[in-house]
Amino acid sequence: MVANDMEQQCASDNYSGICPEAWEAMREANTGHALPYGDDAWTARASELFRDLFETDCEVFFAFNGTAANSLALSALCQSYHGVICAASSHVETDECGAPEFFSNGSKLLTLPSADGKIAPEALRELALRRSDIHFPRMRVATISQSTETGRVYTVAELEALAETSRELGLLLHMDGARFANACASLERSPAELTWKAGVNVLCFGGTKNGMAVGEAVIFFNKELAADFDYRCKQAGQLASKMRFLAAPWVGMLESGAWLRNARHANRCARHLATRLEGVQGIELLFPVEANAVFLKAPAEKLELLRAAGWRFYTFIGGGARFMFSWDSTVERVDALADDVLRLCC
Amino acid sequence: MVANDMEQQCASDNYSGICPEAWEAMREANTGHALPYGDDAWTARASELFRDLFETDCEVFFAFNGTAANSLALSALCQSYHGVICAASSHVETDECGAPEFFSNGSKLLTLPSADGKIAPEALRELALRRSDIHFPRMRVATISQSTETGRVYTVAELEALAETSRELGLLLHMDGARFANACASLERSPAELTWKAGVNVLCFGGTKNGMAVGEAVIFFNKELAADFDYRCKQAGQLASKMRFLAAPWVGMLESGAWLRNARHANRCARHLATRLEGVQGIELLFPVEANAVFLKAPAEKLELLRAAGWRFYTFIGGGARFMFSWDSTVERVDALADDVLRLCC
Amino acid sequence: MVANDMEQQCASDNYSGICPEAWEAMREANTGHALPYGDDAWTARASELFRDLFETDCEVFFAFNGTAANSLALSALCQSYHGVICAASSHVETDECGAPEFFSNGSKLLTLPSADGKIAPEALRELALRRSDIHFPRMRVATISQSTETGRVYTVAELEALAETSRELGLLLHMDGARFANACASLERSPAELTWKAGVNVLCFGGTKNGMAVGEAVIFFNKELAADFDYRCKQAGQLASKMRFLAAPWVGMLESGAWLRNARHANRCARHLATRLEGVQGIELLFPVEANAVFLKAPAEKLELLRAAGWRFYTFIGGGARFMFSWDSTVERVDALADDVLRLCC
Amino acid sequence: MVANDMEQQCASDNYSGICPEAWEAMREANTGHALPYGDDAWTARASELFRDLFETDCEVFFAFNGTAANSLALSALCQSYHGVICAASSHVETDECGAPEFFSNGSKLLTLPSADGKIAPEALRELALRRSDIHFPRMRVATISQSTETGRVYTVAELEALAETSRELGLLLHMDGARFANACASLERSPAELTWKAGVNVLCFGGTKNGMAVGEAVIFFNKELAADFDYRCKQAGQLASKMRFLAAPWVGMLESGAWLRNARHANRCARHLATRLEGVQGIELLFPVEANAVFLKAPAEKLELLRAAGWRFYTFIGGGARFMFSWDSTVERVDALADDVLRLCC
């Protein structure tokens, strides 16, 4: 009916479609009748699988996309007069069109400069303590991205240090895990170790970039923080009536292990591109490649050549291209990209 | 992986799954890469199909669910100090947990009593003119449900009269079309006749209850009302990154005609139940059966018997059961329901 | 500079100016420098006086007007998905242009029909228990007006019954006390007896209608409910920088006893008018006159005659005039009004 | 009743009380009855005086304080998805506890680094054009402070350049005039020249710091931007019922010329302190003294000595003290301050 003729790209992990495991689960879920709004067997099963995966009795909710998952989670942690500390380059600050402020009715994002998308305990402390008068938002949450928007990961030790500092400061720790699976794959640590065991209070676990159509999981490790979150979902337009179709793909992903397999594959593709480019005269990669992204520093005119060769990618301030890999990236295309970069951008 | 063992129910049209035409389109869309956020061919095609269907150059957006579609549309029409007039029994008033107020940051719903879910021009006028001081919201929108929550439909003449009155009063006319297809099927009038030709400004066209997994279309017949609606969708967490999976089912539904076929089928099932019950001593149906719902007046103890027989249904204040049919309802189950009602509820 | 030539009216208690005690305190406060934002001696003194008056260690804040005081107090008690139960005729529902919904970002007011502006425990219970699903706001607060918009008062027993029912239902009890002083004067009960001793959690104590220029006191009897309320005031534009000028009038009113004297006087004026009119053939008063308001039922044409005679008053749906008295009402004018009513409206 | 024993300070212009001209007007306004909510003669007169002062048919509203005036004005210019560009040091960004975001339900402040609190056309252009995708707020307003938080002023030429750039970019230009009078006094240009003639669309004209108790004027030079602003004021708790007491002081200030006289006096005090300190070995003033503020760079331990000597002042990041003068500052105290600074801080 509609031609899908776009060649595989490395622009973003949301260019790709639905992976087989997620698809198959949706297909299985699509038989007969089910109770709506999450009272169905698929939602129960998905929640159970998350509790198994995280080895704890967490509260699990499903939102339609990452904007909503993160913004709603933050709005549950914050009152309107609260402040949320994040990296200046974090997605909630730079790419959500004011969604966190909208959902929370005014919670203010306070940004920390960050060379690589990560924030450090000392900087967090300095900002959190900078003001304590009522003319400035009351600091309430620190939010971090794991993996970061620059394709880096926080180690367990780094997470623990941030969580420790957050606790001291009376801050809750929220993790934007749009690419959480990639961090798990990269660090070879368990989801539990990378979240609540390290001190994370709430995780938004991204399904879309991991291979699903829609559906992010909001996971509260402290049950009291999840109070009435179902009401928030409903009021904010994030409660699916046919919830089974948000939950079933998660069942498919978690039961089959595809969530981690997909991430490992995407990470490997990034690593492969990096390996092809590292050390080449005239090529500069901006960040250590730890997850599924590669950032190439290059002048605009060279990027134009790359575009003319058919490649799509995001550019960033300062000059360069971001390449992002997903569950369906192929080594052939990564090599083709490497070839073109080496040919056109040195 | 998960057992789907619920027998077919007549409780709500969101108990059913994805119809074959929607499913097949999703399957076709799930090949290769596509641009995200609606810049893909499926979204373009779906929008084009809506413009064809409505015979006008309307603006089309996709939201995840009906709560969001209606609330976001209303927030685009209203400032926070505006008033929205609706029937006291309308879904936006009774079943959205304050979503319209949340999305609009305070627009107030002003309700008209209504025996059957419809509002009349005179009542609309009276409420709209009741107050004109700044201590009361400034009236801005009238919203109606087509078909209504009681399974009734507005005729073209009724719509025209409401639109005429709205225009005179300086009100915009919004239509909650969660079951718009059922109204089209019932009235045998074109989508254009039931909307912009009659004077409707914005329609939220429901896909979920029509046979899709997620995805409602917000259709602006006046382009200036749609200004920046894409920004609203983004900020409110209603912009799908893999938009093709919201759009493709619409392509499947619209190209195949399933949108109307499904609605006709559901309406016929409701009519069939009504035919079986009408005129029977001791049975009272509350509203004329014009779409896919049947409302049976019955005391609580008889409804308990029906429940004990395995049937699920919503009850309502005043005493009775609502039965709602969908694309996958079967005549056998409708007959089984009729048999049990006749046996247990007379 | 500007002519003040309006004859004394009985339309509203906000037509009157600043009473001598409030004025004198402002004058005294207007010497030298003071710390801003409430860190001054007048604010401390006013808070202390409130704690004395209420015989308890309550938390006291000052807002600029009643709209803000009530809406901010409710927003402190509610999350956006909560419901607030009130009388259909309550000021928060009918005369705040959606302010409660705006301040709370969507908390929904659920109204109880009420013949006289009061709500009863049974009706409160019925509404609070009507729904318990996530598609409807979660009930959180009951708000009552003391004295009511109809000039009636809740007795201590009535308050206790409402509070008891609220507690059982898990609801907080908020009192809109725009005319709280009039209720105290009417009932001859202490402020403590009419609030926390009866089970009220939060009171907005109106200063404007009692004889001040601006400045309502928000009084939390449960300290934990007041957490961060100073931040809410600041963010919502309700923190006066020269706070002493909001606080000093309260010092004047409370130290001198003018708050109660003013209310007694206004109540007496209302009673005087009622006495002049009661029992007269053709005259119907709508409500028992318990505070500072008198409601006269009369057809529109007779009210026109009264207006033509120079009187100003509010009218209401159903047909009639509201007369409201304040600290500066004079018996001569009340008698003049009574004369004209008897002459023109029988 | 309460002792006002604080010695005159130079910490902020909101430490001072009500100037005689404002007080006298309030006194005159406090006779008899007046229509509420701004339908009184004083409000009409104040609005007329503003139109005279600005030599144009502007729309005038009164809000209780600067937080509300600026935030409400911005919310009238913006939808929730809009962006507001301001200096990183601007009061709306640093000292309003998220009020602009709260009133607008999410409009995001985008900040420009600024050495002295002013923003330049090129920087404005760069930020406004940095992004044009829907994942980032749509730029809508540039807001500037006149005089700035650093005590500097924009010249007419600078304002014209900013307005010209704003127009080209499709941005509205808002002026936070908490100390607008000080800018007029400093530049010796008319209010019209410093606002609409230069291209400013909306001005919040501060009364509090100019010598009033409460009451800022929001002045729309483009009438269409003021549409329904009265509803916004009402809903946001910024409509005074006894409005004459907000308006009358403005009548007093504008008719008597005190608004400008007060500002000139405060500016002169600042200049006097600067003159005493400039050129002294070991003393560094941070910004040219153009309005009523003096910023002294000094290490923390020296500021402690100054504090121990009884002086109050705000400190700022980077290290130093801000001194701010008002209508009631006395040369004797300025000299005393200068003496102590010279004695303790060199």
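Letters are used for the chains, namely A, B, C and D, taken in the order the chains are written, and counting of residues starts over at 1 for each.
Note that in this section contacts are C-beta pairs under 8 Å (C-beta built on N, C-alpha and C of every residue); 3 or more make two chains touch, one makes a residue touch a chain.
Chain by chain, the UniProt names read as follows: A, B, C, D = L-threonine aldolase.
Keep in mind it's a predicted model, so treat the numbers as computed, not measured.
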- Query: Of all the other chains, whose mean CA position lies farthest from subunit C (L-threonine aldolase)?
  - Reply: A
- More contacts between chains, A-C or A-D: A-D
- Taking each chain's centre as the mean of its CA atoms, subunit C (L-threonine aldolase) sits from subunit D (L-threonine aldolase) at a distance in Å of 33
- Message: How many angstrom lie between the centres of subunit A (L-threonine aldolase) and subunit D (L-threonine aldolase), each centre taken as the mean Cα position?
- Response: 42
- Compute the distance, rounded to whole Å, between the mean C-alpha positions of subunit A (L-threonine aldolase) and subunit C (L-threonine aldolase). 50
- Item | Sites on subunit A (L-threonine aldolase) at which at least two other chains make contact | 80-81, 96-99, 102, 105-106, 134-135, 137, 231, 234-235, 239
- Task: Note which residues of subunit C (L-threonine aldolase) are touching subunit A (L-threonine aldolase) in the complex, please.
- Result: 37, 79-81, 105-106, 134-135, 137-138, 228, 230-235, 239
- Note on the structure: Residue positions on subunit A (L-threonine aldolase) within touch of subunit D (L-threonine aldolase) in the complex are 80-81, 83, 94-99, 101-102, 105-108, 130, 134-137, 317
- Could you please specify the touching residues of subunit B (L-threonine aldolase) with respect to subunit A (L-threonine aldolase) in the complex? 1-9, 12, 14-18, 23, 25-26, 28-36, 41-42, 45, 63-69, 71-72, 96-99, 102-103, 105, 208, 213-214, 231, 234-242, 244-246, 248, 251-252, 255, 328
